[in-house]
Each structure stands twice: as structure tokens, then as C-alpha cells.
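Below is the structure I would like to discuss, written out as C-alpha cells.
Chain nomenclature is as follows: A, B and C, assigned in order of appearance, with residue numbering initiated at 1 for each chain independently.
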Amino acid sequence: MPSFDPGLLLHGQYHDWLVNGFVLSVELAAMALVLGLPLALAIAVMRLAPVRALRATGLAYVEGIRNIPLLAHLLFWYFGAPELLPEPVKAWLYSGNVEVASALVALTLYVAAYMAEDIRSGVRSVSPGQLDAARALGFGYLGAMRLVVLPQAVRATVPALISQALNLWKDTSVATVIGVGEMMYQAARVESASFRSAEAFAFCTTAYLCVSLTITALASWMQRRYPVRPA
Amino acid sequence: MRSRLTAVIGLFLSAFLLAPLAHADQLADIKNKGEIVFGVLGTDEPNSFVDPKTREIVGYEVDISKAIAKKLGVKPVFKQLSVAARIPKLQQGRVDVLAASLTHNKERESQVDFSLTTFVTGQKVLVKTSSGIKDLPQLSGKRVLTVKGGTQEPNIRKAVPGVDVVTFETTQQAFLALQQGKGVGYVNDEASIVNDYAKLGPAKKDYAILSQSISVEPLALGLRKGETALKTQVDGVLRELESSGEAEKLFFKWYGPSTKLQFDKRSFKIDSDKIAG
Amino acid sequence: MIELIQTYWLYFLVGQYPQGPLGGLALTVLLAAVALVLSMPAGLLLGLARVSRVAAIRWPVTAFVFIVRGTPLLMVVFWAYFFLPSLTGHKTDQFSTMLMALVVFDGVYLAEILRAGIRAIPAGQFLAARSLGMTPWQVMRSVVLPQALRHMLPSLVNQFVATIKATSLGYIIGLNEVSFIAAQINTQVFTHATEVYLLLGITYFALCFGLSRIAFWIERRLSQRTPAWQAAEAVPVHAS
């Protein structure tokens, strides 16, 4: 096997492919995070609501999503679900970047399910007296959550959420199966064009590790700066 | 006690170091083992695919492989590989011979050796008639779908600069994406395209195969570099199949008028391992 | 949908077996089970190495754990599939590759589960056993580990569920596990993509949800049966 050639990764066509892949991976993770967090918040609130039907819906969502692998979600949202749309909507969707759109839907729903559980644990760590006191003062359930409980829950939840963000970053790699041109896809492409798998995979691994390191460092910093106070 | 331990460790390590040298003659190994491992795709009808009724792997290349195994007097074993993993797996020794719709081209000659060319096809593009595309240059700026890790992507990019390509793990996934409208064209070997086109049944009228080939693909069996004894044997069997008329019979069994492909004549002979260019 | 199930149920459940290698749902479960069992000794070794007082052991293992946890599982699978064979001289197929990648991945997470489980055993158990004259190894083997494993059972079942989901990545290297088979079936019956993938989802759901319910049930049974003194005296064996 020819020897390792780092020059391949620093300039030239293959370098461009890999860098584009990296950028798309980051964009995918960031967008899924931004869209997933509000959804997660809503699901968590639903799961804690005093209304039975809402709690059941929240539970169904979380259990349904978490018990199915991300790969199956991606395949469903790319090959399965869009077929159910009416023709004009389908045509409009397919003329755009349907691969990224499907990946985004799958990733957002997936990460929201996990984050909802973390938020729920964080909320449950806040003493129930807080919610009762807020309601006794006349706040509705939503108001009490928004103004009293959630702000206190945030401190306990942030470490878990950062951990989920790390998982999300790693999960973007699976989108390669539906043709999304993110980093793993580009690495495979470089490999089949040049037979140089070592360089391509080394680039990918380093890139994934750098971002993971950043996220983990952020988590440590947060833990030191804003330690979780026991209830 | 210590020296015994050292000896054992030394033996163990030397086994690892010597292992690469161990298969200096693959043909002898195969005969000793009593079996030969063929790497096949299992997803490329009619070269190698899974028969849905018997759930066995069958096809044109499978039959050729079985003939080779019979001649060598060993048992054929079939391992399914993805398109992208064919050459790495051959190089690592996971399979002995590749019978996986492998195109013989100059770039690959530095990685593997090729047997006599067993099939000649071109790569073509299947489009939906609703896209209004009648020839290759019209694909520029549009999206085509194909499989990862083969010659399809580089070929279409060379033929149509400015085309947008999305690749999938198997050719069937790419074809499905075409049917769903996620791209305007699907690129693959002509034989596979004709096969998929035939599978469409009544929906055929919505599709068309562009007449221009984007490349000529001589398919051959892949062998590890330097295994001359094995290559001589394999080529020998292929020549025999050709001269006895078996090769032509196999062609018509899988590609002839009674099949979905309906080729009515064979445009090549199995007699050479040289390629143009 | 019914017709789909009727035609393909056997292929979905066992792949090509016996006319070929085992595949489908059977392969998924088998792969996950074997990976989990094999990763337990790996996890134990990794866990012990991580708390070792010998820096030459601790540092490389910590770096290794960090790398494995910071890269996607798919990356680990690709490295194993394309590289491990040339490094070790051993030939590997998709099953062994996935198995190796899963054992490495599970091992790293199991190391944490095992550590937590062992720490939850009260110090008194360890001290009492030592005062009876047992060596540290005997203490681990006969006193601490049996108790720890019982308590870790729910976490282990959850890790089993996570491993089952991870086997789906075998699809990408062409392993005949259930997602790959579903995709194969899908290409035979072009127009039923939604049903096929819905069925795939339901299968995974039934399997994973069922297992996690079992874990929940085990956890409840264990907390009912824990003697009061053990629950009260939960002082960790090692500090920190």
C-alpha cells in the first residue's frame, strides 16, 4: 500500500470535498439542535402536564422515537414519508435538496426525543414545592413552568443537553445512507476515487474529534462555572 | 519458565509477521483448503442477485464462478460485498476472486489483476420521460443518482461536466430514488439498466434509456496482484467455456431473448484480457 | 401491507438461511447479544485500567476511551472494515467487523456501567471479606461482582437495547441485518416504501421497547428485594 500522504488532505480536489463534507456536517448538527431544542422543551412540558392525554402523547413520542435506530428513521423519512405527500408538494420538495431536508427532519425528531427526557429529569430535580408555590400564587401550569420551574431546571439539564449535542454531532454521520454529502460520504467518495482510505479516514476522525473535544471542553467549563446545586 | 514464556511470545509475534508471506501461492492454498471464495454483489441482477423464491445467490457471474470451482475441484463459497468494498476485500484476502461486476480499467490495474473479460457493456443513463431529457448534455445542472464506490460517478462527471451526483449504498436504492423522482437520471451498467427497465413492467412508458453510452465497461473477474498460477487456471477455464460454447449458453441464459434483458446477440467473445486505451 | 408480510416474513426474520448466511432480525439479535457478552470482559479491563495507579496504563486507555467516545460508531466500523485486516493479518467479514466495532464501543460504555455498579456496593462488604482473609481477587469474584451484576442488570439490558440499535449500521457495510433486508425487500416491491419502512420501525420498536420494559420490571423487582440494611448503608467502595 502506498505510504501515507498528508499533502492530499491539505490542498487539492480531495481536500475540498472533505472540507465541504465537514461544513455540511456542522450545519446539519447545528440546524437539528436549533430546531430540536424547542420541540424537546414542548415534549418535556407535555410529559409533565396535569392532563393525561398530553402525558400519553409525550410518552408515545419519546418511546416511539428512542426505540428505533436513527438509520431506520433516516430511511423512513427519505424513502417512505415523502411519497405520502400530494404530488405538487412532492415535486417541489424533490426539486430542492430533499436529502438534507429528510436528514434534518429525522435528526431533529430523534434528538428532541432524547433531550425531552433530559429536560424532564432536570425539571423533576427541582423540588415540587416550587411548582406548588407558584400555582398557589395564581400562576397557571404553563406560567409556573416558564417563570419558576424551568429556569431552575436549566442548570441541572445543561450538562445532559451538551452530552446530547455531542451524540447529535456523531449521529450526523449516519445521514450518508440517504445520500447527504456530509463528511463520511465525502470520505467514502475520496476513497473510491483515489484508493487512499487512510488519509481520508484520518481527516474525518481528526475533524470529528476536534469538534467533540470542543463540546466536551464546553461541558467541563460549564460544570466549573455553573455547578449544579443540590436541591 | 521465563524463557518458555519468551519463546511462546516470540512464536506468536513471528506468526503475525510471517502471516503476510504465508499465502505466496494462492492456488495451492485454495486446493489445500478445498474451497474457493468468490466475492459477489448479490444486488446486481442478472450478474449476481438473490433469487426471492429460493433465497440463494444466482446469476451469470455466479455460474461462471461455479464452473471455475468445478474445474479446480474445490467447493465454491459466495460472499456478498458492497460495490465500494470489492477491491479492499480482495486485497486483504477476505475473498479469493471477485465476481462482482468489476470493470477492468487502467486505474485499477495497479491494485488488482484481471481475468479475461467476461462481459462487455457500457454505462448508460435511465431517465424519466417527463423530465424531457433526450441526450446527455441536457443533464448538466441536473441531479443524477447512482451507487457509491463504482465507476459510475467518475464516468458521468466526465461525460457531463456540471452534473450533480447523489450516491447510495446499493444500485437498487439509487433506482428507487429515481422512481420516486429524487433525481432525473440513474446511471449504471447497460445490462443492469435494461434489467431494471424491464422490471418496471407497465410503468416502462414513463422511462427511457438515453442511447449514448458514457463509457465502455469491460467486466472481468478480479484477482490479487501477482497470483499468476491462479490467473492462468481461471483464464484457462474461461477459454474452455468459450470454445465449448458454454459461455455463449450462459450469456443467453441470463441475458437472452427469454429473459428481461432480451439481448438477441452477444457482441463479444471471452478471449482477451487487454483493454483499449 | 398484509401481502407484503406474507411474502417476505421469512426473509425478514432469518435472511437467506439456510441457503446462505443468517440474516434479518435473527442476525440483528444474535450480533447484539454476542457483542454485549464479549464486551463485558473488555469493559471490565478498561474500567480497571482507567482507575489504575500506573500512569503508563491509565493514560493510553483514557486517550483510547476518549477517541472512541468522540468519534461516530460508523467511523469505528469503517476503520475496522478497511484497516484492521491489513494490520492484524486476520481476514474479517461484515459480521466480525461489526462485532469488533460493537465490542469496542460497548466496552467503553460498559466500563462506566461496571464502575458505577461496583462503587454502589457498600464498603463494608469489601472490608468484611478482606478481614476473613480473602485476596482482593477473591473478594471481587465471590462477593462484590455477584452483587454488583444483579444491580447492574437494568443498565445492562438498556445497553443491550442500544447495541441492537447500533447493529443497524451494518447496513452501510452490506451486512444482512434487518434494515438491509428491509431495503432489499423494498427494492422488490417499488411502490410500498412507506409500508416497508413502517414495518421496520415497528419491529425495532417492539423489540427494544419490550426489552426496556423487562429492564424496568427487573429494576422494580430488585428494589423490592433489597434488604433494608443494604439500601441504608450505600457507602461507595472507592472515593471519587
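Operating definition for what follows: contacts are C-beta pairs under 8 Å (C-beta built on N, C-alpha and C of every residue); 3 or more make two chains touch, one makes a residue touch a chain.
None of the values given here were measured: they were computed from a predicted structure.
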item	value
Topology of the chain contact graph, where touching chains are joined (line, ring, star, complete, other)	complete
Pair joined by more contacting C-beta pairs (A-C or B-C)	A-C
For chain B paired with chain C, centre-to-centre distance based on mean C-alpha positions, whole Å	35
Centre distance in Å when chain A and chain C are each reduced to the mean of their C-alpha atoms	22
Of all residues in chain B, the ones touching two or more other chains	88, 169, 173, 176, 180
Multi-chain contact residues (two or more partners), chain A	79, 83, 177, 188, 191, 197
Junction residues of chain C - those touching two or more other chains	82, 86, 171-172, 183, 186, 193
Chain A partner contacts - residues on chain C that touch it in the complex	67, 69-75, 78-79, 82-83, 86, 161, 164-166, 168-169, 171-172, 179, 182-183, 186, 193-194, 196-198, 200-201, 204-205, 207-209, 212
Chain C-touching residues of chain B, taken from the complex the two chains share	16, 19-20, 43, 50, 52, 54-57, 78-82, 85, 88, 91-94, 169-170, 172-173, 175-176, 179-180
Footprint of chain B on chain A - complex, ascending	79, 82-83, 90-91, 94, 98-99, 177-179, 181, 185, 188-189, 191-193, 195, 197
Chain B residues touching chain A - in the complex, by the definition given at the top	84, 87-88, 111, 145, 148-150, 153-154, 166-169, 173, 176-177, 180-182
Chain B-touching residues of chain C, taken from the complex the two chains share	10-11, 15-16, 19-20, 81-82, 85-86, 88-89, 91-93, 171-174, 176, 183-184, 186-188, 190, 193
